[in-house]
Structure formats: structure tokens, C-alpha cells
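Two complexes come next, and they have one chain in common, subunit A, joined by subunit B in the first and subunit C in the second.
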Partner chain A sequence: MELSADRILLMGNEAIARGALEGGAAYATGYPGNPSSEIVETMFGYQREHGIRVEWSANEIIALEAAAAFAFSGLRAIVTMKQNGMNVASDFLTTVSLNELKGGLVLVVCDDPGPMTSTNEQDSRHFAKIAQVPLLEPFTASEAKEMMRWLLVFSEQMGIPCILRSVSRLSHGRGAVKLGPVPSQEIKPSFDIEKPLVGLPFLVTPNHAHLLKKMKEVQTTFDKSPFNEYTGPNDANFIIMATGLGALYAREAVNMLHLEQQIGILKIGTIWPPPSHLIRAYLKQAKDVLFVEEIDPFLEDQVKVLYAEHASKLGAVSFYGKNTGDIYGPSGPGVGEMNTDIVLDALGRIFNKEISACASPYEDARKQASILLVPREVAFCDGCPHRASFLAIKAALELDGRKGFVVGDIGCYGLGAGPTGFNQIKALHCMGSGMGNACGFSQMASFGFNQPVVAVIGDSTFFHAGLPALINAAFNKADGLFIVLDNAVTAMTGFQVNPASPFTATGKATRPVLAEDIARSVGAKITVLDPIEDIQESIHAVYAALQEEGLRFLVFRRPCATFEKKTRAAEEILKARIDPESCIGEICGCNRFCSRVLACPSIQYDKDKDRAFINEDTCNGCGLCVQLCPRQAISLVNIQKEGRSA
Partner chain B sequence: MGINIIITGVGGQGNVLAAKLLATAGLEAGWEVTVGDVFGLTQRGGSVASHVRLFKGYLLPPLIPCRSLDILVAFEPLEALRILTQFGRETTRAIINDQPVWPIGVQAGRFQYPEAQELHSAIENLTSKTAFINATRVAKELGNIQVLNMVMLGALYGSGWIPLSPRTFESIIQSSTSSQLRGLNIKAFRRGLKLKGSNLHI
Partner chain C sequence: MCGMQNDLKRLREEVLGTDVCTACGTCVNLCPNIISIEDRIAVLADCQIASGNCYRYCPRTIPDPRIAEALCGDVGYGGPVGNYSNYLIARSRLSGKHSFFQYGGTVTALLVEAMRQGLIDYAVVTKAVGNFPHPAIVKNEEEIISAGGSKYALSPTNKEVNRACTAGSGKIGVVALPCQATGLRKKQLQPREDGVEKASVSLIIGLFCTWALSQAGWRALLNRHVGSRFVKAMDIPPPPANIMVIDVGGERKTIPLDEVGKHVRPGCKVCLDMTAENADISIGMVEGKAGWNTVITRTEQGASMLESAVGAGIIETGSLDQKAWDHLREASLNKKEQALKEAEARAKRLPYYERIIKLGKKIRDEDKNGTER
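What follows is the complex of A and B.
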């Protein structure tokens, strides 16, 4: 046991991982997804020294089921996911909560309000209510660590899985954290075969009743929890009830408006079940209550239910929240990320206080400056194989001419819906949704639907959610054209390994699972190509597949260029170079193909010289432009040989 | 009391590490600190901004409110302007690497990057003091564009705008950056520090 008195700076997700370590977790797993990925990644670092088992799972429900096995056997485990993953894991969560766990089990879900990297803006706190499990929400990195540690112990005491809810800004933010001691692992796990954990229908009702009884005990604990804290005047009758970062935004806004003497802030960390005695005490004190929380009016709804139940013993209270339309950002109440400015605006309206703007010349200059801003769209990286894959698909669909389109899902290749993917993807929702949609599109022929549909999916996503769609297509004789964009890594979330990788996350050699092997076993017609090396062939392959019927399965396989650059020491460093004699600029008629159409970040067009040129600092030397330039003005050079150019 | 700093740039320029090291320095000097960051999709060439807050008194959230920025450290001038239009106020001071990185839409001809002079005067109108420097050139001279962030932090320390000691910062670079880049990072930081005398007009 070592104990450091010093505080260190940790990312929210690192703090959560540290909490799991201090809480005695024996196992950590999950499926990568922003903003949750760094928790498991940090746990990998603890693996050797502390004997913790850490791994990435193929999807979130498998992660939760695997973690539950540890808890069934008396060990503590954590499982991490982003909010979309919560939906995947929820099937198991809502059944396992009916059983008595022997070890602690904590599910960490990281929501993404005002999504930075997500396809929805889901508030995962609702799942605590659906599954009837305790849920905590921290407001600092330090509290995130402490809640994680406490929850592992509490989950074990109560025999119920628990949820820790974070949000992007907390998970990816950093704060000071004081490290605590790490317990030693002494428990030998065993499964008690005398106590089966089965969800047979006749057991469900008694188990459900037992769970609800336990949740009453949880509520008693939460009523006295130090995770709930009131700050401000003891007699304040304007109270802000806030959860998570909301408590910090509220404090900053109150202080900026100099309302410290009038407003009290009740920070609530124990979200489900709500600490009802505590809340009732403050409802008795309050005449006005403002709610500050991320995404949905979750606390707001619960407090209003409590108020209605006890209305006869409470005075009149005015509520200000998202349901009432009193607190909102630029897009309206209940959408987007919370921040101090939103609380300032709400308080400003309620207290009739002006928020100080800058002097008018400054505000004018701000308006003038805004006109100059041009957007900075996210783009496929230099050398990204997806650029070539979408180019091939685009060219094939144009040749085909039947208004065909692409359906896809989540991953780097989701940028196929944007300009650097030639705006090809026309439907994009959740993991695996493109392949599932394609199954349906292919069954509409008898109704007269005649547009060809191409479903794209990444390697990791194929193993996560594509397999059932593939099997469904084979079974139902769907005319699917599926393209796996296999770059051998889960790139979008920070280059995690997946079943297509030759190594596990701990670096052990493993047998990569090839998507085409699985597709072959269900009778699909297979083509495997490198979309950059074989760009012309790739266009023909997609076009040919569009003319055929039945289950067609293409794999565009080439390693992620950014990951390769990070990890491989290459003997040769290739860069594309444009010969200014061969490039003839605008008169070429190529319509500035390399810089404008291909839109590789490394290729630029010099207006003054009327020539394209390569930024060799960023070029990854993939050679796609070399093959496509109609003047053959681009070649690859090995700068390792000629010595590094400055 | 506190200091609100934003480190902005384009995904991949190293703002996340810069913010982490600066906040570590603040913590070691006895400040409360918080960092607000976004990463993930942004490494695909998007705009990035790290909010670093050094404070005393009560806990602050990781996001700086609008019109509350004290110091801007920008690795790219268009991103500097983007931040100033939201967070700037009359007293905001800025250190800006004056090397445009074209957005993909500009490259493809769909948008126009602002003219240098127009961009400079818009930035100057939104700051009380601005130093335009060429940290990209310094990083390239040192042989690795990756150390751009250390040159920028050097310039920030050299400005004297933050109550932190460059010597402590060097020890943080020693202990918290990768062994391959450690030496070069310190060199880059020192080059940044010296930029004060030459083309850093503060």
C-alpha cells in the first residue's frame, strides 16, 4: 500500500480508472467510444503491477456480460462505454439487476451532450430508472475517482450493479486528484452452484420485489451521502438544484452575478434513486428552484414528482427548468451542452439582471470579425484508405447511373457523409445500421424500388454489430452489397485493437479474424482489394457488384495511415511530389482534380503559379494521387534516401 | 481570482499536451486548475481548443464563459480569431503563430481564407496586446514540427503574462513528455522563451 499526499493532474477518465484501481477492481473491459475510451486504456497500465485483467470486448453487451461473470464469482469489475453502447448493454443490464451479485459491478457510461463525436444526444441516466440500479454523477475528476471507488464497494454490499455517469467535458477534462491506497487482491473467485442466477419467469416477480426493497435501502444511504452538498446561505429561498458539472456552472454564474447572498446551490451526486428526504427538506426551504443538469430534465422530473407527492406539507414553489423553458442554450431547452453562460442567461432573466457585455466598439469588432470565419471541416487524414474507397464507390455509382447510394454507420468512415468522402453516405445512425438498412432496401423490389444500395461498415463495427445483419441477409435472401472498410484498427476512438488486429490490446499475438472468412461461410461472393494500390480495379469491382444479384461482399483492406505512421519505423519514407513542368494548372481540364476533387489535406493549389503542390510535412505517401493525375505529373520519392528535407 | 487561458489550433498540432503541461505547472505552483478539452473526431483536421483555468477560492468548471478570456495561445491565426469572437474581451492578450493552415474547404476552393492583413487587424481589434510569431519556422529549424507546441509555450512563458517559472516548466517537460522528444522539447521551449526579444512585440 502506498499513499501519496500530493495531488496530481488527471483526465476525468484517468481519475475513473484510478478509482476502479482503488476500489479493488479485478477486471476492466468495454468497447471503445468517445468520450469513454481512456478509462480502459488507463487500466491497461495497471494490469501488470496490480494483477488486473483488462481487455477490449467486441461490443458493450458482451463486455457487461463478461464483467458480470467476475461479479457472480465474488470479484469486482468495471465496464465502460459511450451512451450508444448503453443501449446495446441494456438488454443484459435490465435482467442482471434482478439477481444478487457476489462482487461489485460498476458500469461507466459517458454521455456526449452537444455531441462532439456522437450520432445522438442521449441522456443515459434513464437506464438507471429502467433497470432500477443506483446511479451517481460526479462534478470533478476528484469526485469521479472517489465515486468509482465507493461504488465498487457499495455495489458489492448491496448485490446490485451500479452506474457511474460522466459527460464528455468531465471525461476529457482534467483536474487535481489526490491518490488513495490500492487494496491487495486476496479473494479466490468461485461460483456458488447452490445459488443459480436465472431469470425464469416465475422468479422474476419475487426478484423484482426484492430489488425494489433494496433500492429503498439505497435511497436511505443516498439521503446521507457526502456526494450531495448544499452551499450558500442557510435561509436562501432561491435554490439551484444541480447535477454533475451543472453544480460548477451554477456556482460560477451565481458568483459572476454577485447573487451569493441570495441563492443556495444543492449539488446532487446521487441521481438514482433520488435522495428524497434531502430534496424535500430543501423544497420546504425554497420558494424558487432552478435546475441545472446535462441533457434531459431528469432531476427536474423527479423533484416535481416528489413535490407533488408531498405538496400538502410544502409551501408554494416555482420551478425553473427545461420543461418550463426557463433554461436553454442557443438551440433551445434540453438540447446541447450546459455551460456557465446558459446559467447566467437564465438567472439574468429571473433576477432581471443584465449580463455585462463589452463596450460597443468591441462588440462591433466581434461582429465584423465573425464574417471572416470560415469553417474547418473534419476530413479524412492524409493517406487515409477511406478516401480511395469512397472515390471507388462514387465512380461506380455514377457509372451505374441508377441513383444508387451508400448507407453506413459509425467510425472514421462516417466522414463518408462529408465533403472528403464525396458526400456518399446518405443514411448513418448506429453501429451496424447501414447493413441492417441494406437488408430492408433489398426487399423492396416487388414494390418497384430500383435504386442500388451499398452498405459500408468498418472492421471493428462489423464484428460489433455487422455479423447479425450479414447472417440475416443470407437467411432472408437479401440482395445485399456489403463493403467492409478494413483498416485493421478502431481508428476513430484512438486506434484500439479489434478482432481484425493481429495483436490483443496487451500485445499478445492473436489470430486476426478476417471478415471475408465469415462472409464466405454464409455463401457470399467475395472480393478483397487494397483501395489505393488497386484503385482502378476497385472501381470496376464495385461497378461489377452493382450489376449482380445475391449477397455480394467486398473488403477494402489497407492499414490506417495515421496509425501506421505512429507505430511503424519505416525503412523508406515516401512522399508524393508534383513536377511543375508536367502539371499544367487550370488549362489541364482536370478541374484541379488532386487538390479540389480528391481533397487530400496535403495537396494544395498555388493560385499565383497556377500549379498544384504537395505539403511534404504531412503527406503520407499513399500514392493515390500519383495513380489518378491525368497528366501523370505526380511521383513518389523516398526522402529517406535523399536525406530529410527541411 | 484566476487566469483564463485558451490554447487553440488545428487537430494534431499538440494543444492537448500543451494544456496538460501548463495545468500541471499551475498545480505545482499552488493554483487550483482545471482543463476543458475536446478530442476524438478533432484529430481529423478540425478546430481544437483547450481551456486552462488557474484559480483560487472556489472550484471552476472546465469551460471558460464567453467574454472571459485573459490569454490566448493560438497555433493558427484563423483559429485565434474563431476563439476571440466567442471568448475575447477588451483585456484579452494573445500570442499567435502566424502560419495559416488551410481548412479543407479552402483548399477545395469552396471557401476563401481571409487575407493576412484583414485577419491581423480583426485579431488586433479583439485583443489589448497581440504578438504574432513564427513558431512553425522555429520548430522546423529544430527538425520536428511536433515541437511547435513547446515553442508556443516558451513564448507564453517569455511574455511574462503568467505567474509561473520557466525553470519549473522545464522539469515538467523532463518528467512528463516522451523520452525521444524530451531533449528537443526543452530546446523548443527555450527557443520560444527567447522569441520575446526579437519578433514578439509585447
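What follows is the complex of A and C.
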């Protein structure tokens, strides 16, 4: 595709944001989470020029509820989240779909198949079926933009919230997108008090019936939707039914195997409700159907139901899918990310074709590029406050000696489950789960449970999902130690602001919400300190808290080192430096404590010189290693003062 | 965890992870990997060093045969009270300073004299912070005097010795419980090879010790009997009193020893050493003679220190009568007997238990045969 002034290269998420703009969204919000975060971030760029309101919400259900208020009042709004957030938002989604919206409301959910940054591998399309709302799934950045734009209008027409489903590779891949016009905002929002939107039980049944009726209309629209497209011979009796990126993989695989004359591809973009007339037409033509889709056999199941319903009018069809075990990656059907190789393998098996012969043209390039990748341990950044926090927690638990352990949840600090966090987190599930688990652990004393439990939670996660657990703990007299690892930003998803930040996402000054203020108000015993400043004091603080009873709330507060580096003033740039005279190498009894145990990526050990040294380019000057070197060989220097040294 | 055997792993398996560690602190502050709070010792990470000082110095590990000869107490054979050159009674004649001593103040006076003579540049003593013991490096007489009085809970004295050894240069005097004295002696006999210690221990003043409390146990007793009030002094009068006495600002609280005994650190119950057999000079109470100390001189260093203090007139001495000496030997043997029983009862195959059972039996047999050393 040629690029030009109105045809530009966009990341999938940027394309979705552009679609929201062209679809006339007045409000965009969400909760950051990979792979969805860039949508709202892109919208921030539009807000001034186009008068859109954009903000990060404390969690996904709040985001959806806030966006719904726009739709209740006649404006259009979008809400973004990752698949885990879908679960959080679903409570509201399944009730709001029963009401008639005045404005368009689109929920964008980005799934993370073969998760890079998630704690589950969830196919969010099921929620469309649960809530009975329309769901589209694009296959290119260009289509993502177009679907987003169209959905906002369509949602408004039908009065139903809609879902756009993306996946990591679509959200983060780039494609040419043709820009369209941006409508001007002219509607003055108002809420019609004559039409209350209440979900009282006696209204549910009629509303539900009404919704299902509307969904029939949606289906009629979807049957004719240009988002569904058939390519290939008109009489092909082997048909691949594909959704999202699956359609691209299918096309590529068919081309590579030179099966274009035998296989037709039905790309389906309108996932729920499935376009049943369209599908039935192709079921009639087909003798064999292969399904290519991300994560669950969602389309596959729907097609099979349709087939069963109409079997008498259809011929015999063989289905090849995940349920039948015909299409699978290295971890088996229905798990891991879909790709062209998996489709090739499946086709190879079905058509009895040797597939090694058609190696991808990209394979060589990939092999060459992979040489450039240095294997790296997943580790906290240089100077990360969490390294000190987990060291303090580990030290305190070891000293305490009662086989205490840490439960945690989602955030950078989730790495506390791995070597960089001294393998401290022993249970990690969803946002806020650690604090919730801790409530339960603390209620088992009467059964003889006597291990101390420490729940860690990030600042953003605390506001997202920790608050109810805190209040639950206070109310039920839980005997727990909660540690908030407050680094002042939502670091893992790209440094978004959160309620602990002094500024909103748009840079407006706001009153930061301090976790300890809330905890104090429910009667918790509070300790607040910088985890790195004096590591011995940090260890003592955790140890002391472990010896106490009741609800204990410790805040380890220090800004994210990587975020600080981006924003800090230039007059002081601290770097740690190791004096090669003072470091004595292997003969020191410390057994390379700084580079091996502390394992900050900036600290390395030079085997030839038998000395530890610090990579000043990456060091963030936190000073933790300075405190721990038994030879006092490490000191902090201000390189800004001394002039940049080699 | 690294599959290969190494000394830290051994220390964890044989001492720290078992009930024999005494929290003496000898393994702490040698490297950043072994840490302590109160009387709790913990390891942060694995270590690949095959032969480590933590293990070599720990009083609960088997000494290298080359130094075993020089050691008594828990790790070597030295008769009921170990090797000694003399025994007597003594008390401090330090005047002017208003201070508190446990009994005769001999310990304090000896340290003061050592510092005056330049034999030591600083001392490691155990101060009270609130009602809890804290080891501290002190550099002048006043600080030494202010550390007077016994605190019956354990605190890792030797971690401060280790810190002092690397932090500065010069000579250190230490007031040590028997287990601590053993750790220090092992360290002294096997100096670090990396040359990072510029200071060294040159005087070990040992305290007699039958047992000590864990800090958690002491906290429990305080909570039950004292509350948040300040403990001025505490004492364990000789049998048959069977009580612990706590002086809370004039008020005298007594706690039955049966109750106190529940909070004794488990490592103490398998300790063979009552008289600090590896110290330069050992000091305890004198039964029936309040305000005096029993003193056992053991090394050249200890004897000459005492001599010098007597010469300077800050310590006065007398002789310990035979009955009291016999009684001390009996009490010391009794502690060994108890430890032996406990080690046998625990029936764990730890090198430490095997060693003390061997030593204990030897001492028991010799005593039966009436051998006087």
C-alpha cells in the first residue's frame, strides 16, 4: 500500500484511536494494560485539538461506567483494557447492555495470546455472548480503524454497547491506514430523566427480550457486512474460516503451499452475533472447513452449532479445528499464539503436503536478527526500588524464621516471584489478589496456621483493586501485613499516572491520593519509608511489622528509577562507581555479592581483572550496592559535576 | 540451590537451621550475606565459596585439627572448667564514676585498665537499649562503664567485633559469653586471609554463663511481668533461690526459674561451657560473697591484664576458698552433664552433637576418676 499524506503507517492501537476520533468519540478512558495501553495514550494527543476528554481511570469497571455516562447522555465514548480488565468491567457490561444507550459506546479489549505480559490466556470474545453485545475483530490496522469508526456509529444506532477485540500482534504491529474526516462535536449532552436506566429485577426480563430482538437485527446487518469477505475460487470445497489475524496467516499459508486454486478463505470480522446466513451459504459449498482464530475455538463452536441446526439442508462437512485437534502450536490446540507456521502445519497434514520445502522468506532474516539478541534475565531495572523492597522483605522473613511468605499481584513487582525479586512472591494471580489472599490466610489461625503472610501491591494496583481488600481486612479484623510498593507511576504499562500522581494524565494538578491516608482511616498501623535510602532500616521496618499483630500497612515509597531518569533535573546525575583498589574480587568472602546476589543489571564482574565494575551508562545511582559492599568499595559520584567521564 | 557442598550450606544445615546456633554473631558481618536482628541470624542467598570463614569461626562447628588442641569448652577438651592458670576473687576499685556493676565490676575495671594501658583501642560490650541488649563498639571509659550490668538475653556480640575488625585498625577487647569467646578464639587462631581486617581481638574477657534467654522469650517475660517499665537491673541468685530478680526502678519483681527456663534459647541447652573456657580471663559471681567476682585466669594475656589492674589499684583481689572452687567445678560439670543429656535426647545426627557427646563423656569419665587438672 502506498503511503501518502492521508495514508500513513500506524500501530494497530494508534489506528484504533484514530478510528475513535473519526467515529466522533467525545471521551476515551481505560486502565493501562499491555497490549492495550497505546490507544488511550494516542487519544491524549487528540484531546486538545478535537476537544475530546481523555483520562486514565482507577480500574476498568470505573472506566466503563464513566464512559457509559457519556453514552447515556448522547455522546460517544470508548473504553480500553486488556483481557484481564474485561473480567473487571464485565459486571457492568452485562447489565448496561440491557438498557438503551443514546450515544455510541465501544469497549476495546486487547487479548494477549501466548501471553507476553499477562497472567492468563483469555479469549475475551466470550463476553460478547455473555452480555449479548456485538463484537468485531479486525485483521489489519486499517480495518481496526474502520471497525472502530463504524462501531461507534452502529452502537449509537442500535443503542447497545459494542466490543472491538484486538490481540497483541495486531495492536502492536504497524500497517498503512487511510485517514478519514473527523466529525465535529456538536451534540450537547443531556440525560433524559423521563427515561431512567434502571436494572430492577422486574425490568430485566422485558429488557432482555428486547436486547435479543435487537441482536437479531444486528445479525442481519452482519450478514451483509463488508467486514466479512470471501476470497478464492467460487467453487472451492475446502474453506478456511478465519477471524482477525488468522485471516492473514491463512492467506499466507495458502499462498506458500500454492493451494490458491483449491482453498477459499472466508474472513469473518463480525464475530458476535455470527453472520449465520453468510456462514450457512459457505457451509453449503464446503466439504471441508478449517478454522483459524486466536486462542479459543470461538467461531468454530458457533459454526458447528449453525451446522447442526441446518444439517438437513447442508451436505456432509468435515471440520478441522482446535476442538478436533487439527490445528495446534507447540503447546497444543487452543493455547499459545496463532501464526502462519501453525496453519501451514495443519494444511500440510490435511493435504498430505511436505511443508519444509516452502520455508518462509522471512526465516533467514529472522535467524540473522536473532544473533543480535543477547540473552537477558528478566530483571528489575537498574536502581529499581523494588529490588531493595524485596531484599528487605526477604531478609525480614528469613530473620523471622517462621516460614513466612509473600503473596502479590500484577505490576513490575510481580517479578518479585523470580530471581530478581529473590523469588519472594509465592502466589500471584490477578489485580489485588495478594491482599485478598492475605485476608484469608489471616483467618486460619484457629486452624493452626501460623506462617506470617506479607501481601505486596503496587500503588496503581492498590487503587485499582486493593482498596476493597484493605477495607475487608479492617472490617473482619484480619491480622495482616500489607506492603504498598509505591513508585508513583503505573510503570509496567508505560509510566501512566495513577491516583498517587500529583498530576492527571493531561498534566492538570490534582491532589495525590496517598495509600497510607486511606489505610490510616481504617485503623491500620502505618509505616512509610524509602526502601533504598537505608536498607538496614527497611529490613528492620519489615521485621518489626512482622512481630506485631493486627492490620499493618507499610509503604515503600520511592519513584520508579526508569521514570525518574526520564524526568529528573540534570544538575545531579548520580552514578555508582567501584574503586578497583578497594574491591578485592574473589578473595573477598562476599562471593560477588553485588553482581551475583543483588544482581542489578548495571553491576558486572570482570573475570579477567577479578573485580566488580559498574556500567555507568545504565546505572541509575540508587545507592543500594553502596550500602551493601563489605569493602566499602562502591561510592556514588555526581557525574554532572565532574563532567562526563569515560 | 547449588548442589555442591559449601561452607554456608553446611552452616545452614548443621547450625543455623537447627537448634544449636547461639546467636553469638561470629558469622555476621563477615560478608553482606549473613544478617541479624536481635538474636535472629539469617542468610540472604546461597554462596559458592567452598571454605568460608562463617563456618570456620562458628563455635558450633568442628574446629580444624590444627587448632583444636588450643581450644576447650564446646569444641575441645579441657577438664571441668577448661585450662586455667589461677583462680581467685576480685572486685573493682574504680572510684569517682557513679556506675552500676553486676557484681564486683571486675569486668568493667579490667576493660578500663586495658584501655588505659593501650592494650586495646576499643571494646565491644553489650549495652541496654530500652530493656534489650545491644552489642556496641565503645571507645572510652565512660562508655565501657555505662555498659555495666548483665542482660540475660542473647545478642550477637561478635557481629560488632567483625565490624570493628574491618572498620578501623588497632586492638579490640571483648566482653564475651562463653560461646562468643569460643567464636572469637577460633577467629583469632585462623585470621582472615584476604587481609581486610586491620584490627584484631587482643583481649577476651569471658563471662560465666549457665544459659541465656532468647530475645523473644525475654520480651514475653517483660510483657507478662514488667510491661513497658524500665529494667534497672536483673540477677539470678544462686540456688536454691530458683528465681530471676528484676529491679524495675526500685520495685523488685521475681519470676520463678521454671517459667524463665521456658524461654532459654535452645542452643544454650546443648552448651558444655559454663566458665568461658576459651577466654583470656573468665569472670562470674561468688556464691555467698556479694559484691565480688570469681576470676579464672587462663592465658598470659589474661593474667598479666589482671596483674596490671591490681598494680594500678583499680582491682583488688582475694583468694577463692576451696569449697567455692569445688562447687564451681561441680556446677560446671553439671552444665556439661545437662548438655550431654539434651544432645543425646535430641538424637539428631549433627556434627556438633556428636562432638560434645564425645567430649562430655570424656569429661564425665575423668571426673569420676577424680582427675584434677
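Operating definition for what follows: the second predicted complex is superposed on the first by the 620 of 646 C-alpha atoms of A that agree within 3 Å, B and C clash if a C-alpha of one lies under 4 Å from a C-alpha of the other, contacts with A are read in each partner's own complex, and residues count from 1 in each chain.
The rule is simple: contacts are C-beta pairs under 8 Å (C-beta built on N, C-alpha and C of every residue); 3 or more make two chains touch, one makes a residue touch a chain.
The shown structure was predicted, so the numbers you read here are calculated from the model rather than taken from an experiment.
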| item | value |
| --- | --- |
| Touching partner for A:A316 - first (subunit B), second (subunit C), both, neither | neither |
| Subunit A residues touched by each partner, larger count belonging to subunit B or subunit C | B |
| First, second, both or neither for A:H540, with subunit B first and subunit C second | second |
| Partner chain(s) touched by A:E398 [first = subunit B, second = subunit C, both, neither] | second |
| Partner chain in contact with A:I193 - subunit B first, subunit C second, else both or neither | neither |
| Touching partner for A:C588 - first (subunit B), second (subunit C), both, neither | second |
| First (subunit B), second (subunit C), both or neither touched by A:L344 | first |
| Overlapping contact positions on subunit A, where the subunit C interface meets the subunit B interface | 596-597 |
| Touch list for subunit A against partner subunit C, complex | 391, 394-396, 398-401, 422, 539-540, 543, 584, 587-591, 593, 596-597, 628-631 |
| Residues of subunit B touching subunit A in the complex | 10-11, 19-20, 23-24, 27, 32-47, 58-63, 65-67, 78-79, 81-82, 84-85, 88-90, 102-114, 118-119, 122-123, 125-126, 140-141, 143, 145 |
| Interface residues, subunit A side, partner subunit B - complex | 7-9, 11, 34-35, 116-117, 140, 168-170, 172-176, 245, 248-249, 251-252, 255-256, 339-341, 344, 356-359, 362, 365-366, 368-370, 372-381, 412, 415, 419-420, 492-494, 562, 592, 595-597, 599, 601, 603-605, 617, 644, 646 |
| Of all residues in subunit C, those that touch subunit A in their complex | 29-33, 35-37, 40-45, 47-49, 52-54, 166, 192-196 |
